[in-house]
Amino acid sequence: MGVGEAKLVDTTTELAGMTLRNPVLTASGTFGYGTEFKAFMDLRKIGGFVAKSLTLEPRFGNPPPRIGEVRAGMLNAISLENVGVDAFIADKLPEIPEGVPVVASLFGTEIAAYAEVAKRLGGVPKVAGLEVNASCPHVKSGGIEFGQDPRLLAELVRTVRAVTDAPLLVKLSPNVTSIAEMARVCEGEGADGISLINAVQAMDVDVKTRRPVLKNVLGGFSGPAILPIALRMVWQACQAVKISVCGIGGIMEPADAVKFLLCGASAVQVGTANYVNPMASAEVAAGIEQYARDHGFARTADLTGALDLS
Amino acid sequence: MGVGEAKLVDTTTELAGMTLRNPVLTASGTFGYGTEFKAFMDLRKIGGFVAKSLTLEPRFGNPPPRIGEVRAGMLNAISLENVGVDAFIADKLPEIPEGVPVVASLFGTEIAAYAEVAKRLGGVPKVAGLEVNASCPHVKSGGIEFGQDPRLLAELVRTVRAVTDAPLLVKLSPNVTSIAEMARVCEGEGADGISLINAVQAMDVDVKTRRPVLKNVLGGFSGPAILPIALRMVWQACQAVKISVCGIGGIMEPADAVKFLLCGASAVQVGTANYVNPMASAEVAAGIEQYARDHGFARTADLTGALDLS
Amino acid sequence: MASAQAEGNGSSRSEPIRVRASVISNAPDGEVNRRIVFGVGAWPRWQPGQFVMLAPGAEASAPRYDPLLPRPMAIFSSDGDGEDQRITVLYKVEGRGTRLLASAAPGEHVRVVGPLGHGFGVPPERHHAVLVGGGTGTASLFTLARDVAARGPVTVILGARQADLLMAEEDFSKLGVDLQIATEDGSRGTRGLVTDVLRQVLAAASAESAGAIVYACGPTAMMRACSELAAKVSVPCRVALENRMACGFGACLGCAVPMARGGFSLVCSQGPVYDASELDWAGIP
Amino acid sequence: MASAQAEGNGSSRSEPIRVRASVISNAPDGEVNRRIVFGVGAWPRWQPGQFVMLAPGAEASAPRYDPLLPRPMAIFSSDGDGEDQRITVLYKVEGRGTRLLASAAPGEHVRVVGPLGHGFGVPPERHHAVLVGGGTGTASLFTLARDVAARGPVTVILGARQADLLMAEEDFSKLGVDLQIATEDGSRGTRGLVTDVLRQVLAAASAESAGAIVYACGPTAMMRACSELAAKVSVPCRVALENRMACGFGACLGCAVPMARGGFSLVCSQGPVYDASELDWAGIP
């Protein structure tokens, strides 16, 4: 780059039919309903946020302990806890400043419930798009997750797709043999994009008490430790489908986010990092722009898929 | 415990029909052929070691870079590199001191080759047992791993079982939707035990060069970061089968190993820790004994499954 | 939903901030505990009972993500003003995070988020405030004790297994409040539990006209016992819980505790101070 | 299989040890590089070209596993004897591990495994030894230079992009050897590459009766260029490779480089010193 003024970088991002200010969102369940972060940062510094997954009715979560720390990561077994879709629309959305795209995440134990939540979110102002949470490793819903069975997943995506025209992301579970297969299912059923990964199913034990760290025994593993798994899955998904991919997992610093973009993601979500540093998402967004500038990219969108495999 | 002399703890371990001095082995591919560690520790301080996976013929591995560091872990794409089963028997085994049980790990791209390696290891002195490596996420063998497909896995275990009477462990891949299913397949086909987990398929990117960190792009993720995933899978496998389970993944300290035992493993394998601290395995073995003593267990074997779920 | 009183405070609460705090001193405080003083610049107004999230250990010359999560710690006290404020935290070295914190040297930096949560609130007019601290829970009570000492009668009961585990005894004794100590092994003060002392104090206080109020912070079993004693004599009891936390400001839902009325409350943002009667004690770890 | 000469050394090599080394000093060395001196107790006999694996950063008060792997570093020099030996390492702050190493204070401890690998070996009788160091590769050559200076003619050529990146120039100049410097920007010595200097030195040396031998350590491209120049005038060339390593002692197979004859060699245990002709240069990262 020449001397003089630093070139302006265009950070506009297209994700699953949404146009975002920049490629950084925050991940469902790690950013509350947005309001919790207002003290720390201007929400307009990021591309948008994905709200805590919503069910039809308000739900309580698991009994404590719900979280634990592991090396370079954490476990959680929050489960379904949320205010319910109606309270979200009535009480939470109005608190979000204008100009902050909200992606509503939805979740249910039956396909019909997913569809009903999607319907209620239809046409709601500020809701820029939907994310179907097809994975929740810690819910005792009697076995396999939607995102672990290609037929279940297909039916879920098809049903939700039928009731909404909103930009539709499907969030995939990492606890599968082939992420590419699951990605293709979503594409085939008309999803506009996929988000991955959700937390990895995991467990920890307290050797002092000889008890599981989580009351629920099993939980979801998130944080910097899982980044290499997430990056691999995003890479595999990007090879498998043409719809947009949103990369999630272990992003702490701008360089982490850049890795996902280079592997083919159009945008990223920052999760656990928000707990460690409530300004993390804004710092990641600024850092991606800086990276693009330093490496001669006029648009952050040009980073997508720019991995050098020569 | 009373005052006076510290009670002696019995560390004898039964694993898949082998009787070991203590429940700590070293993991295949992380302890070379044993000789590399002689300068640092007395190999008789551990229960035994699992040698680098062997193929019928000597094989070269992948071109460099083969390794990379990630948060609390490392990636590797060594691939099949090994001296071959015959050179192992002729050149490597004689270098191992008496009284050190060696578990020979075997590997192949076809089932027949696995069986042939197993045959050649039959009755070889010092070889206490066999471990079938059913997983190797970085081998470009044209797709899915043996350990990712229940039918392939069943055929593999059945075929090897038919040619050997040696204690037979099957080492499982973590890159599956249901580890319990794979564990049951092994039990059903007559394996004496299962070892898990192998490295988790993963990837990293160097943002300075915009290239994958590994020449092979994808590699296996190991080290402390993966412990919570390994522990979960060991727990699930122990719920699913009655044959013995050997826990592997991220063990750095004695407490880590104790977690696997509490979840139901009969023994453990120390892997990546050997690189960071070549005495790690001996220290883990001593520490498990200490833990048993401090917590009033007369035998380390009593730790197996002693998780408190009340 | 927090208790009514905590909510009251809530409305006037300052917004939390995140600062790169400089370690001014970090030294043993007694034989087991440690006292760390941070320079925090322009620190928001805070209420006794509020807490901070401290990064585990000092900032390194390169980012390290093991351990990962910040640790919740009560604000023991603060001083200074304007751009030059300091906060003090008293802590016990428990695990990896606090061990690393113990080695943070003066001049090093630690990331601090706070003040967080709701405080104890102020006792009703002329009520006898009885503060009961067990172990590290004591730290949450010091500034409360100082503030209420100016308003009416105060008794502080501090307890621990043995004398060297007592926290901040000297600080409390300088406040000139009625200070009573209980240790299980009798190595200091009464031999026995804080609840043995509390029983007597409440009996005496019941003779007073304006009534009493208990503030307790310590192990769950201790707080529960305090709340039962207080309930027996119809004295209100407020407790400050210490639960595992990831964020400290309501984003992760990790710190939830079950409520008597059903459902959960977030200790970090709706607590950590509760009316003891609000909680489902059987479900609190 | 290592080269014949390295194997020769191999047989007489000491077994490596793992020590908790104490940092004696750790200070800038020039404007970019740093010099760290460790107390290592009874350190085994070692050969120039051998290296150590250093834990990334000083031992913390609690175990931390990020970063995880030890870092390979050449032994620059050693001194002391018996139970009281010291080793010196010169390093450049590159990434997280070396950044943490830079903040290791005197009195802190760093885990060190070594000495590892095979050394350069000794030059044939009366040969003119030409040592070429680029960047951090220079560190591998210092003790070799000192040792061969006692045996015959020596030329040391050190290069870097610019003057402040040069490593250990003063140490070399004190050896009284023929020292030549090349910087790409001409800020010190000849403007140009070390290979420009090497070409001239080899031309002059070819007039000598006993012949010459080149020892090179630095970036892959530099070593490759040196080896090609040497090959042209039929002078043997030995190079010390710097590759990513996990273990440093032959256990992980992570450091493999392709050989000219096919197959791979482990840089840590069969190198890091090779005859340049043995290597498949196109496949070395």
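Order as written gives the chain letters A, B, C and D; numbering starts at 1 within each chain.
Note that a contact is a pair of C-beta atoms (placed from the backbone, for glycine too) under 8 Å apart; a residue touches a chain by one contact, two chains touch by 3 or more.
Everything quoted here is computed from the prediction, not taken from an experiment.
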Per Cα centroids, the chain farthest from chain B: C
Centroid spacing, where centroids are CA-atom means, of chain C and chain D in whole angstrom: 55
Chain centre separation in whole Å, for chain D relative to chain B (CA means): 35
Chain B and chain C, separation of their C-alpha mean positions in angstrom: 46
Contacts with two or more other chains, residues of chain A listed in rising order: 71-73, 224-225
Junction residues of chain C - those touching two or more other chains: 63, 65-67
Contact graph of the chains (line, ring, star, complete, other): complete
Of all residues in chain B, those that touch chain D in their complex: 29-32, 36-37, 39-40, 52, 60-61, 63-69, 71-74, 76, 78, 81, 215, 223-225, 252-253, 272, 274-279
Sites on chain D touched by chain B in the complex: 15-18, 55, 63, 65-70, 111, 113, 243-258, 262-264, 269, 283-285
Complex contacts: residues of chain D adjacent to chain C: 57, 60-67, 95-97, 99-100, 102-103
Footprint of chain A on chain B - complex, ascending: 70-73, 75, 144, 148, 175-177, 200-205, 207, 209-212, 217-218, 221, 224-229, 231-232, 235, 250, 255, 258-259, 262-263, 291, 295, 306-309
Touching residues on chain A, where the partner in the complex is chain D: 71-72, 224
